[in-house]
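Below, each structure is written out as structure tokens.
Both complexes below contain chain A, partnered by chain B and then by chain C.
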Partner chain A sequence: MLVEVKNLSYVYSEKTPFEKQALKDVSFVVDEGQSVGIVGATGSGKSTLVQHLNGLIRLKNGKITVLDIDLSAKKPDLKALRKGIGMLFQYPEYQLFADTVASDVMFGPLNFGFSKTEAEEAARRAVNMVGMDYDSVKDRSPLELSGGQKRRIAIAGVLAYRPKILILDEPTAGLDPAGKREMLSLIASLKGEEISTVITVSHNMDEIAEFSQRVLVMNNGKLLYDTTPSELFYRLDVEALGLSLPHTVRIVRLLKEKNIILPEVLTEKDLVAALLAYAGGRNA
Partner chain B sequence: MSETVISVENVSYTYKSSQNETVGVKNLSLSIEKGDFVAFLGHNGSGKSTLAKLLNGFLLPDEGKVFVEGTDTADEAKTYEIRSKVGMVFQNPDNQMVASVIEDDIAFGPENLGVEREEIVRRVDWALETVKMSEYRTRTPFKLSGGQKQRIAIAAILAMMPEVLILDESTAMLDPEGRKEVLDTVKRLNKEKNMTVILITHYMDEALEADKVFVFSEGSLIKGGTPREVFSDFGAVEKAKLLLPVATAAGKALVEAGIKINVPLTDEELAEEICSLK
Partner chain C sequence: MRDVAFGQFYPADSFVHKLDPRTKLLAGIVYIVAVFLCTSYYSYLACFLFLVISIIVSRIPIRSVLKTVKAVLFIIIITVVINILFYSDGKVLWSWWKLTITEQGLIFASKMAMRLLFLVLSTSLITLTTTPMNLTDGLESLLTPLKWIKFPVHDVAIIMSIALRFIPSFMEEIDKIMMAQKARGASFDTGGLIKRAKALLPILIPLFVSAFRRADELAMALDARCYNATPNRTKMKKLTFTGRDVVAWVLTAAFLAIIIMLRTGFFGLL
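Take a look at the complex of A and B:
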């Protein structure tokens, strides 16, 4: 058990006119090796929830244990927590700050007590892992890179200190299509090889359908469903939650209305295979 | 008779810094008619955002001319006029907030244009209503979510009643519902007020809503036409590194497997095509 959240509640701006209950009695457990998507409309509490997981928001009500660190303790070991749980915020490229790619990526490792040589080695490994050539980018300013490249460098900055859990908040937002594709295949390749557990906050249901094994559905600060993409998109009323259907699922549903029954596919690849099988059957 | 509202004639623009030069757009020509709903597509660095900044005089061409309703954007005496005619909503809403109370933020633009107070109040009401944020009127924009901030940024532009509304990836951070609201809002402005809309987007399904799509790659216009014309041109799509809509990609795979269907643009069209298979 890597993450355990028990009866978590949180109120923003308590006792002011702006008071807002962001989380209400949220409980769940994430085990090693899972790929978890967190979905919900804007303001449903997704970001507030993940910010609790790495101690950015101080726990007030409930209990959270991450990597055996008890966040309800008086002084939780935040440094160990943040080393273990790497978090990539929305638009992480805006947080690149150093003069060179190398010093930006080395910042995390140095902060977590790596020696200079170790940090450099970690940076080289991480930058290569995100599909860029360390030697050719290390001395460049991060600001000169394209949007997709900047975001990959931001991810490298997190991977460099080898967290056990990776949290991604809207990892593809604002990227161009090529950047999106790169980012998704990068996340898919990291999962399993480098990082065993990935928690992704996303508005993009196509991506959730494509990549997550499990989905937490947030609604008005409550954890409404803890389910699988297949269950969510094929059994539950997704639209009532302010979410859209993935295109693959919409297509299967539209065909069902026309009495053409396809398997309940989630990925584009499986949809094409199902359509080919159906068309092949008709032609035969 | 259609009336040309924006005309771009052989425009080139290069970003220059002390170390290097980067082509923004090169030798670009196109025109946009009043009431058009146009989408600009292309990868990052393709020139679409540079073009947008040339359209409202944020940037001035190195070569060529940009005319907004016949006025040359390089005419310095007309800079304010051009900027009030071509309103632009950017990618990052945080950079567009000027006031600490939402209604003040929205009133800022029309106040600067010298609009009368009563009219300003009416516009603020209307703009907030249009983006469905009326209840937030007296709150601060800084506590809003990203999506809500973006809707306020759009309202602030709407309050200036521009002729042309440019949305530069302004829906990137909205949830599906918020994105639909914004898109429905600009569609309504386009249909009912005949406002010319230029939507710069990475979402192919948003581009499908446009009357006309322009595709950019490496600073040049490589394809222009209806969404159907553009998305059926797989060569141009590939060259511009666009992602096809899911239905189109699936349809393409079927066609390539020798199944005779018309290439669909939407989920509904794909379903129709599959149904019509004999």
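Take a look at the complex of A and C:
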């Protein structure tokens, strides 16, 4: 068990008129190698939940264990925790601050106790991993890069210290469709080769259908379902939860109305394969 | 971070909340003047009572009011310490090198501390009980006479309301940036003064970048809608004084009168 959350509750601004219960009795477990999506309407508590996982929000009620670190302990080892569980926020490019790309990417590794040369090596690896050429960008100011490049550098800044788990809170927000696709394939390529476990918060159901093996559905601070994408999109009433359907599932449904029955596919690749198989079957 | 946003509006249904913002601003000015007129301990007591009663009537929990003091406690302590150590008149209680602690110095410093506390508490009581919009409307209305000397009252009011409008956004922004840097292993509460100051760079730089970006976006949005600060814009909500305000004026005037009487020894009667 990489991540274990038990009876987690959280209230913002407790005992003030702004009091807001953001999480109610949430429990789940994530095992090594999984890729988990977290979905839910806006304000349902997704960000609050993932911010608990690397100790950005102090645990008040419940129990969390991440990478064998007990967050309910009096003084959990936050450095070790945050080194093991990388986190990328919405618009990660807004966190860039250093005067050069190299020193920005090295910020994390140096904080986590890498030596100067190790950090430099880690930065080179990470920048190349996100598809940029380290030697040509290392001395440039991160602020003069394009939006997409900034985001890549921000991702490199997290990959550089080699976290085991990667948490992404709306990684594709504000990107155009091509940028989204690029970003997602980047994340998909990292999973497995570099990072064993990915937890993604997303409003985009296409992303969930494409990349997650498991989905947690949040509703009003509660964990409503802990299920698979095909169960969620084909069995449960997704629209009632304020969520949309992925395009692939919509196409399958539309075709069903026209009496074209396809298997319950989720990814685009599978949909194309199913359509081709269907057409092939008819021609034969 | 949003928890510590000091002086933010605290919604409640109270006499003080319902007062016209101009009444509160004027009462605040009178109170500050009164605090500086204080000499005897009785007058400090009067200021203290006036403040405590106002806080009680405003139905804001003491905890939230005191939180605003926390933000400036450091400044108050420094002032007090410097005053104690460098005040050299009066009976010497303790002395070493150029530093002396005198009886007079202690009295002076404690009065200073009370003044500062009263100032902070009274101004934060105004911002806690008044929405930013009302506050700027009230200020604009109070400053209107300055139009005679060509002071751009309306523009200043707009600038203030935009600034106030952005404070919560900035708090949120700081929160987000801090989280992102903490996730990358930054720590803001360890090390000496210089190390801590340096640790703020990863927050301040993104914050400035985003502030300029926001300002740019806002300017563009205003231009795109052909905004100009016409002086004769009408208000959605007109400010009006009610009986409540009259009560507040009378009480404030009575308070000021008491302070003045205490200062002059009841005009020589005592």
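As a working rule, the second predicted complex is superposed on the first by the 282 of 284 C-alpha atoms of A that agree within 3 Å, B and C clash if a C-alpha of one lies under 4 Å from a C-alpha of the other, contacts with A are read in each partner's own complex, and residues count from 1 in each chain.
Assume a residue touches a chain if its C-beta (ideal position, glycine included) is under 8 Å from a C-beta of that chain, and two chains touch if they have at least 3 such contacts.
It should be emphasised that the depicted structure is a prediction, and the values quoted were computed from it without experimental measurement.
Once the complexes are laid over each other on chain A, chain B and chain C cannot both fit and instead clash.
In the superposition on chain A, A:131 contacts neither chain B nor chain C. Put chain B and chain C next to each other and count what each touches on chain A; the higher total goes to B. Of the two partner chains, chain B is the only one that A:271 touches; chain C does not reach it. Within the superposed three-chain model, A:205 lies in touch with chain B and out of touch with chain C [touch as defined at top]. By the document's definition of touching, of the two partners only chain C reaches A:112; chain B does not. In the superposed model, A:146 lies in contact with chain B only, and not with chain C. In the superposition on chain A, contact of A:181 is made with chain B only, not with chain C.
When the shared chain is aligned, chain B comes close enough to touch A:260, but chain C does not.
Once the two structures sit on top of each other via chain A, chain C runs into chain B at 79-87, and not at any other stretch of 61-69, 79-87 or 151-159. Overlaid on A, the two complexes show chain B and chain C touching the same residues of chain A, namely 12-13. In the complex of the two chains, the chain B residues touching chain A come out as 42-45, 91-92, 139, 143, 145-148, 169, 172-178, 202, 204, 241-243, 245-247, 249-250, 253-254, 257, 259, 267-268, 270-271, 274-275, 277-278.
Residue ranges of chain A in contact with chain B, taken from their complex: 12-13, 18, 41-43, 90-91, 146-148, 170, 173-181, 203, 205-206, 242-244, 247-248, 250-251, 254-255, 257-258, 260, 268, 271-272, 275-276, 278-279, 282-283. The residues of chain A lying in touch with chain C in their complex are 12-13, 16-17, 51, 54, 56, 79, 82-83, 86-87, 89, 92, 94-98, 107-108, 111-112, 143, 157-158, 161.
Residue ranges of chain C in contact with chain A, taken from their complex: 2-3, 10-12, 61, 64, 176-177, 179-187, 201-203, 205-206, 209-210.
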